[in-house]
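Written out below as structure tokens is the structure these notes cover.
Labels run A, B, C and D following the written order; every chain starts at residue 1.
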Amino acid sequence: MKRIGVFICHCGINIAGTVDIEKLTSQIKEYPNVVHVENYKYMCSSPGQQLINQQIMDKNLDAVVVAACSPSLHENTFRTSVQRVEMNPYNCEIANIREQCSWVHDDKQIATDKAAKIIKSMVEKTVLDEPLMPITVPVNRKALVIGGGVAGMQAALNIANNGYEVILVERESSIGGHMAMLSETFPTLDCSQCILTPKMVEVDQHPNITLITYSEVVEVSGFVGNFKVKIKQKAKYVDWEKCNGCGDCITECPINTPSEFEQQLGERHAIYRPFPQAVPNKVIVDMDECIQCMVCQVFCPTDAIDFNQKDSIVEQEVGAIVLATGYQLYSLKNLPEYGGGEIEDVIDGLAFERLLSASGPTQGVVKRPSDGKIPQDVVFIQCAGSRDPENHMPYCSRICCMYTAKHAMLYKHRVHQGRAYIFYMDIRSGGKDYEEFVQRVMEEERVVYLRGKVSRLYEEDGKVVVCGTDTLTRRNVEIKADLVVTATPIRPIEDIDQLSKLFKISINQNGFLTEAHPKLRPVESLTSGIYLAGCAQAPRDIPDTVAQASGAASMVCALFSSDQLYHDPIIAGVDEDLCSGCGICVGVCPYSARTLNREKGIVEVNEVLCEACGACSAACPSGAAQQRNFTDIQLKNMVKAILG
Amino acid sequence: MYEPKIVAFFCKWCTSAGADLAGTSRLKYPPNVVGIRVMCSSRIDPEHIMAAFRNGADGVFIGGCHPGDCHYQTGNYQTLKRITLLKQMIEDLGINPQRLRLEWISAAEGQRFSEIIKEFTQQVKNLGQLKSEPLQ
Amino acid sequence: MEISYYPGCTLKTSAKNYEKTGLALLPIFDISPVEIKDWVCCGATYSLTSDNLMYQLAPIRTLIRAKESGNPRLLTLCDMCYNTLKRAALFIENDEEKREKIKNFMDEEETDYRGDEVEVVHLLTLLNEIGSQKISEKLVKSPLDLKIATYYGCMLLRPKEIQADSAENPQLMENIFQGMGVEVVEYPFRTECCGSYQIVNRREIILDRTKKIISSAVKNNADLMVLSCPLCDYNLEATQKELIEQDSNFKPLPVLYFSQLLALILGIDPEINDWSLHNIDPTPVLKRKGLL
Amino acid sequence: MNNKLTLENIQQFDLDEFQEISGENIFACYQCGNCSAGCPAADFMDLAPHEVIRLLQLGQIDEVVKTNTVWICAACVTCRVRCPKGVDLSKIMEAVRQIVLRKKNNYVDLNKIESELREKLPQIALVGNFRKFTL
């Protein structure tokens, strides 16, 4: 028979106020397997813990139940404490008689009765609790970073500088991400490319970083410390081993097509690199556009063009993964009230970045797309789809207030006589030196800030008529603009659903990757070993992205600091004698921890993959799958104890 | 006056935390429900629910995470499937399916937790005591 | 195929041209409209209060008549009837309490009505279901070189719960007319309110609206305007005379129900129109374009 | 500017009654002004549409019932379609009208409308007008 001690906490008057402690103590004393019951004012205090440990030794207890507050608060405290007297932590259980009893009932009789039931059911569980040892796992100290924007690059560099190997996978042919498209950055007006390019080169040349661009992860298996990934390298139709990036092929290619990098405002060829500073400095062929005239082949000095190239798969084994897949802008097509993308001179913020960029399609001269004229009246619309739960996206995209202010300022610097108007609802400039920047835009640049949302806009006589309001003067305003720039919402990438399924991490209702805890674990996902950085998790600006990426990198380094990992042992195993090999549990396991061994005719469990939900135990028809310390018998005994 | 006995299973990640929040907020609700904390609502085997009814429970309550919020991704969907089927079966066995309730209650829904418990307790109360012969 | 039909008051009086031409189109596509029995006025505007159910009785009675007719679809031509009937149905569809209350006001023989048994469908929706291709196949007169402005107004498009098409960029009329080679001009006020019932006591609002809407259509080279609401028709058509008197620069524009134009193109006898109901005579332009 | 905002009215304003009539939560509005910006009749109104909600949020029903705004609104629902918060301002306007009308204060008088005009107008104009402006 197991010798169980029950320790009832008064929690000052928090429990003792509504629960009759003495009566409870005497009731529990009578319960089978209970050899000792004691109560104390504050069980979690140091004397309280000592009291428990003393009794464990004096009364030779096998297990203890602490009747106190919610296990989410002090389960860890007590389990750690009992280990000092050599008790297995899994033989220490908490009965929650505060949050779920004393605090929600007034009547002392009722609360005492219910507390007794709660304690008795925990005693029943404890009777059959097994001592468990943490599961250890070796760690492969190599990281995979997905996404080569500023978040991914920062994470990769930090991990690599700590001496660990990193594989950086990027879907486009060059790293750089959205930051490479920006003109100048707020609030310092640093040239975005000037500060980013050295970082790109550093990534490229870092001995610990393997760069795999124009590639996507297509398969992931394994678990923390031991992931296996398959990476699809898309056919580039250019042998990058040979390509020296001279660009002779590009000059000779006869095909012109809108450039994605230039937001369709400029053109590229069918053989191209997305932008001149691309890293790696190699070209790819866009087969949808290519007419296979072979001119590139003729002019290539290194004979690198290879039209027979196929997609290929490479396999890698890594210990940790950082997801930094970035964002896209909500398409103007979704905003029929703002022209639905049909009006040429209504563009989004990224397109305007390209118009401002010295390396952009207009060499930094602000020309409007329809006729190339320099716009004299430019309207900026903030919250063009953000903060709009009814029709578009409910959340604030966080960076628009700042980049719109920057856009207006840069426009005024380029077109001195031009007039800039910003429609805003609120200005959110919570960042270092951000508010000062906005004030400068208002005071020195004389940008007209109008407080109100634009209801609609339409094209008329070569102008875009913007129908807005200024709620501060309570007057409607109609502006005949030459160019309209909308701050459309930041969205996760198009295929975020697939990504979430691939890596088995959840996304919120807006499609952003979910962190393990919104306050305390902001860079971890709920799947251990997978970390998050950048706009894939939520809209954020460059400094925050870099900070978060560094955070994710240090989590990876912390994981790599030991060559072993510990895993919670309350996993669900298999009783090989009972298992009939039906495989039902395999289908319900969300972590692929269970596999059917057809040869042996039984299911086998990868203990490290098991996250202990217990779904298999409920599904198993023979009782072979039993979650440790949550077995069917334990749960049934708990039910019986409650029902008396 | 008849007081129903209700056994509840709470998912550790959502409903149990929601119940804790109800406690922290001092929201009162009837004492008839006594909870068992499990790692996930999908751990609940129909067998446990039947054991509760067999041993004198007048109602059984299960609290899991909202669809899409399951800590284990799909556990709550497993639960939903099982409970839907079990409700049909207990009806055939002569147990009113209204005695079995599955709700999604998040860790933030303390208020909702207490309201649902109140309402379910009343519902079971109205249904009266479950008369069944305990099996030997 | 038979379809229940609810005319509403105005189609029997000032909007006769709409009813006559609208109904004349249907047999071409083997649809026979059956006017429901004992219909009552829909109330013209949907009551926006949630606590007064009296205003909902009239449209719901009509929906009950439609249900009794045994035909699940109820055709309307008037945009206001469409809006009022559809919103009334929605009002009680998901609210058992309101349904019970309304039942108390109904005569005993009247059937129980849930709100979802009858689908209210506008003529434009019906024609779009038939499809522009099928309609074009019936084309008799080729309307070459005709430029029209479409006008939708409010009741067909708003609120979203009952909208027959996109509130910002509707295409119901465009689909039909562009399909047969009519050019639909772009102008920005297709969905802007005409001022509605304010015509009764705030005429200046309607004059302001009409001037803005008509002038924009004229500026964008429309030969005429087509629409589907009898009140919009009155507001945008009848008030043009006053605008001509007020402002010599104002250029008038003939306004027709879309069905009048469509009927001409599909070869229906023009004599079913009573042209005297028009204040801005559309016949000269129709003759010029070979439609009369 | 002499009329100070007195917030005592917040307590006096029967919000429950107002929400019962309108079915709308006026506190969902965050005053973006989209309703005013898109309102086709705003030029004729003495209070901009968003101001009506703002004043109601602050309990200033007395001020709102005095405006012409609610009587100019023709319930074209443009504001509702574009409102980022899904507030149906047309129902709020109707609720204010009802508060006035239910005190037996009809806004229009059928007898005062010229009979010539009355004959010409389509029925829906007359019925609609009386539905909105009389009890």
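Keep in mind that, in the parts below, a residue touches a chain if its C-beta (ideal position, glycine included) is under 8 Å from a C-beta of that chain, and two chains touch if they have at least 3 such contacts.
Predicted model, so just to flag it, every value in this text is computed and none were measured.
Think of each touching pair as a link: the shortest run of links from subunit B to subunit D has 2 of them.
Should one ask which of A-B and A-C has more C-beta pairs in contact, the pair is A-B. Averaging C-alpha coordinates per chain places the centre of subunit A 32 Å away from that of subunit B. Inter-chain centre distance (subunit B to subunit C, centres taken as mean C-alpha positions): 54 Å. Subunit C and subunit D have centres, each the mean of its CA atoms, that are 26 Å apart. Among the residues of subunit B, none is found touching two or more other chains.
Across the assembly, subunit C contributes 168 as residues in contact with two or more other chains.
Multi-chain contact residues of subunit D (touching two or more other chains) are listed as 43, 78. Every pair of chains meeting the touch criterion is listed here: A-B, A-C, A-D, C-D. Those residues of subunit C that touch subunit D in the complex are listed here as 8-10, 13-15, 41, 43-52, 55, 78, 80, 153-154, 157-160, 167-168, 191-193, 195-202, 204-205, 208-209, 230-231, 233-234, 238. Within the complex formed with subunit A, the subunit B residues making contact are 5, 7, 16-17, 19-20, 22-24, 26-29, 31, 34-40, 42-48, 51-52, 55-57, 68-69, 71-75, 78, 82, 114. Residues of subunit D that touch subunit C in their complex: 20-23, 40-41, 43-44, 72, 74-78, 80-81, 88, 90-91, 93-95, 98, 108, 113, 117, 120-129, 131-133. The part of subunit C that touches subunit A in the complex is made up of residues 166, 168-169, 188. Across the complex, subunit A is touched by residues 30-39, 42-43, 47-48, 50-51, 78, 82-86 of subunit D.
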